[in-house]
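In the two assemblies presented below, subunit A is common to both, partnered first by subunit B and then by subunit C.
Up next is the complex of A and B:
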């Protein structure tokens, strides 16, 4: 019996050795996502998507004949942990590039680590501070809040609405949005006549809305992620507010319509094009990528791919292109990433340059409206 | 007393030699945070394990230290060392003033009051956007430096943090073995009895509360210079509870227990990554098992476990600790 076991082990070891010798070692890519914790609504689709893309690439023969290996860690949305894990990816796993993290806080925390280790990072979070000022090794795929704000203001200007009330959540997403809403208002000739905030866990925003109602704005802009904006939509309906309500791209998923129910009707928001992929004209450059992403995600996870997953899709595909063109060294990948032009992904059409590591224009956003529990394009 | 000194020297040697076999790997980075968490747990242990006063607001003092140093160095151009001292003293004064009303409370009420302090501090970090950068955090904090030596690598930061930690451990060891420490334990057992014996219980409770806040603030300053980025999420209620868990798992009323608890709770999630998505369940199960079977914490539980595995000469009664 003993002999049999040892023979089995020996042959197994031999087998492992021989296969390892045959195939070139896989290219290691690190991923940091907030799969658990308060930002899990971002981290989970991102992790799923990244894994899906890697599986698909490997199934199709890898990149230049070499397989990719994705090493994913969960930051839990905790900056301290994100730093430890970034160190682990760089020092122990020796990855050639990192995608993620999911939140701006985690990203800002790991930037010193990747800058020092000289490993390219493609963040999936939106904060403008990530790529402004430009950092040599840091790129991002999520659209800047600046662009979303510009998209809303542009529409308001077109409709000649100038007095707005803003209602933002007091977390990093909301405070970044608030900053941008205030900063860009003058440029579009818009006047903010009421500026209120609410807590991420608040369950009733009637007081803020009552105050806004008495200020009589032309439109209300609310900046937050689920479930706050759904509560605001319901409260607004209960109060019988007849003022147009704009939300941020933070709620651009079916989940918001589910949560807000009938109250979602007529609400407008800037969104990545993934929500309305099938409504886009054929001439749209992104249409091919969008439909491929949605189909793959449906096949793998039996769920609808959202634009958060899209950030990870873009990051992986940008990385794939960079490895194809720049080789498998961190420096080669970084240089190839910076030279990426006109890559039509999920979040938009990316063109990086030495001065721009965010790579998108305001065309990345399209304005959608909720009608009959579905999205339609606002013309 | 003598054996205590030997124990400390052995411990210090282990700490100083530990990074050598790791050769700058990422574990060195994790061990920096073990040092920081260890001192936080130690501060709380002095309060909870020795004096018997609970605090659910330790993250507030830690955060005040971190934000104090972060804001003073980035916005007002302070020297980091000066900022650290100024902030630690301010936090200590604040804790001293806060201690008098708060520590009159007992049990659940004390827990509630300290929890409140923690929540208020967190709201303050979030809402003072102009100063702290609000929820998206404060970046660009400089590393600490002595002359031309900048603490910018994991190894340097490891020795920096652990030098502070060893100092605090030595201080705590001396403290708990002094008249002051004995008085604290007397307060723990019975405050009335302690007062009858002539111990100024009220003042002593405030003093130890102040000391623990002071230690937390120093660690906060170190944390912000090691990380060079801070955001309010790191100083929430959850973190206060984590520190409390470290103290309880490590061993109430034991200086080394605090460090052991911090070591376990910081390293355990790293080791459990092998379980992938189930790591949180395993983590929870381990904590529950440990609290049930090691009520005295790891410092008592581990020796007991040894005796259980290798039956002692005396008999089997020792194994049920």
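Up next is the complex of A and C:
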């Protein structure tokens, strides 16, 4: 009897051991986000979203039966720290892929690390130089500024408006926008008749607008992030400007409407589709993903999901797809990522190829107009 | 005609911005006059005025007038605490050490506000609507009239206070010669505290009246403080009227520079003129050369 009991115990123990061995170890994925510091408005929703997606995937049984493990580090928006942490992810944690970082500066700094270690990186930042020229191991999910510019110009061309005045902020966001606005103008048959700038902390832009008013453009395009564009919207209302005013995607949030108040009425801007998910027609390929993301984010964090969270959502889902198709090795994931076609995510419909690691077209942006303190789609 | 209208608009916009610089410059000059130090936390008082008003309005649900009074009062208390905790304990510190302390205080205040209220920019509703008013072909907002009005009131108030009250005269005495003031029975310590009170109140009031136009966030104080400092320097860091004119000139130059020359060089033009003034008239634009400060 005693022997029987001990055999039973022994076999039970063996059984336990074998199941433990059968459940394969989780697939390790690294994440670098600027959760603190000046870029925390990017990093925080990105970190939240990435964690949320991993939790959801694991709850649903993981990828091909294997759980995912997300190892997140905070770069604080500091490129030096980002490089150290990227090294740590690659050498100590031995992750199979990395998502992030949040800013273009951090991303450019870690590119040499991942290229050398041959680990795929899906960046959540927008800078065009991240994937231009194409780097073998680097992909990105955030939309290029070029696409936003193209979206505005396309609309102007449709309305046969050819003379524009541009007013850009004198920081990296504004100067990148200014470059693109000037570079693409000719292609759309648009003439820039007035080119002005303002400082990120300036509090009155009526001089620039007065000057623009006298140049009589068909439209004004302003490129900046809050609060400058809100000041410009108010100044334009003060001067009684009747010229259509376009903003950049840098202010595509409810915050802009709140800051500009009544002056926001009628302003148009290119925006990612998260903002207007419910307004999109049923035929829109992204609608399913968008609604799922917004609902999940609301359930997890009691807050509205935004574009930035969307970049991390896209990165995680692209990675999930790549692991399903390409296996759990860095090289397999990279090849599967590059072969991704028509993935309808939050930022747009991604189709990567050997020549394009950004994967989006100008349809990633939709043109919205502020009406009655809310967004409507511009037809 | 078109150009004339434009220039009118530039000048009016410039004067409006300039009044803000003037108010902030004035609050710099008040502390400098009684202590000999330049309070680099002045911009933070301006920021506190705006941020606290928005907080009282939105979170404490006070009516606008009460919210403004509360914000100015709280900022003044912060000014008092700052003087008591950071300036007074250092009895024999050099002005340089004290200036460094004010820089530290400004970073501290900025950090605390950022932690308490976040980094988002916030807007305050305009005091009396946003319908533009047309003046000689140019437009301005009702809020600009508030700014002009408050600036004039503060200037007149300061003038009356410093020239016609015992406390005001005592404070001026401290600025001319501390030891002598002490000898005739003026409590220099009290006057220094007093100057912080007035300066914090004026600074925060400036912050309140501009918040509807420029919006506010934890870091607006840096640039506004710098511009106010320039206004004070142009005015010779002392004479009330000089500082105000300095502010108005700076604002108008910026606006004309942005409108007529190039918006990219707007700040450069203004600061170039500032340097020019410092080279030609180091004692300030509106100050007699012989005034000597010890």
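The working rule: the second predicted complex is superposed on the first by the 356 of 379 C-alpha atoms of A that agree within 3 Å, B and C clash if a C-alpha of one lies under 4 Å from a C-alpha of the other, contacts with A are read in each partner's own complex, and residues count from 1 in each chain.
FYI, contacts are C-beta pairs under 8 Å (C-beta built on N, C-alpha and C of every residue); 3 or more make two chains touch, one makes a residue touch a chain.
Here the structure is a predicted model, which is why all the values come from computation and not from measurement.
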* To do: Give one of first, second, both or neither to describe whether A:127 is in contact with subunit B, with subunit C, with both, or with none.
  => first
* Considering only the touch criterion stated at the top, classify A:261 as touching first (subunit B), second (subunit C), both, or neither. => second
* After superposition on the shared chain, which partner residues are touched by A:79: those of subunit B (first), subunit C (second), both, or neither? -> first
* Asked: Taking the superposition as given, does A:170 touch the first partner, subunit B, the second, subunit C, both, or neither?
  -> both
* Thinking of the overlay built on chain A, is A:234 touched by subunit B (first), by subunit C (second), by both, or by neither? -> second
* To do: May I ask you to decide whether A:68 touches subunit B, subunit C, both, or neither, giving the answer as first, second, both or neither?
  => neither
* Structure fact -> Contacts of subunit A common to subunit B and subunit C in the A-superposed view 170
* Structure fact -> subunit A contacts subunit B in the complex at 36, 73, 77-81, 83-84, 87-88, 90-92, 104-105, 108-109, 111-112, 116, 127, 129, 170-176
* **Complex interface listing, subunit A residues touching subunit C** => 40-41, 167, 170, 196-199, 201-204, 206-208, 210-211, 214, 226-227, 230-231, 234, 237-240, 255, 258-259, 261-263
* Asked: How about subunit C: which of its residues touch subunit A in the complex?
  -> 2, 6, 9-10, 13-14, 16-17, 20, 119-123, 125, 130, 132, 139-141, 210, 213-215, 217, 219-220, 222-224, 254-256, 258-260, 262-264, 266-267
* **Residues of subunit B touching subunit A in the complex** => 24-26, 29-30, 33, 126-127, 129, 134-137, 139, 152, 154, 227-231, 233-234, 269-270, 273, 280
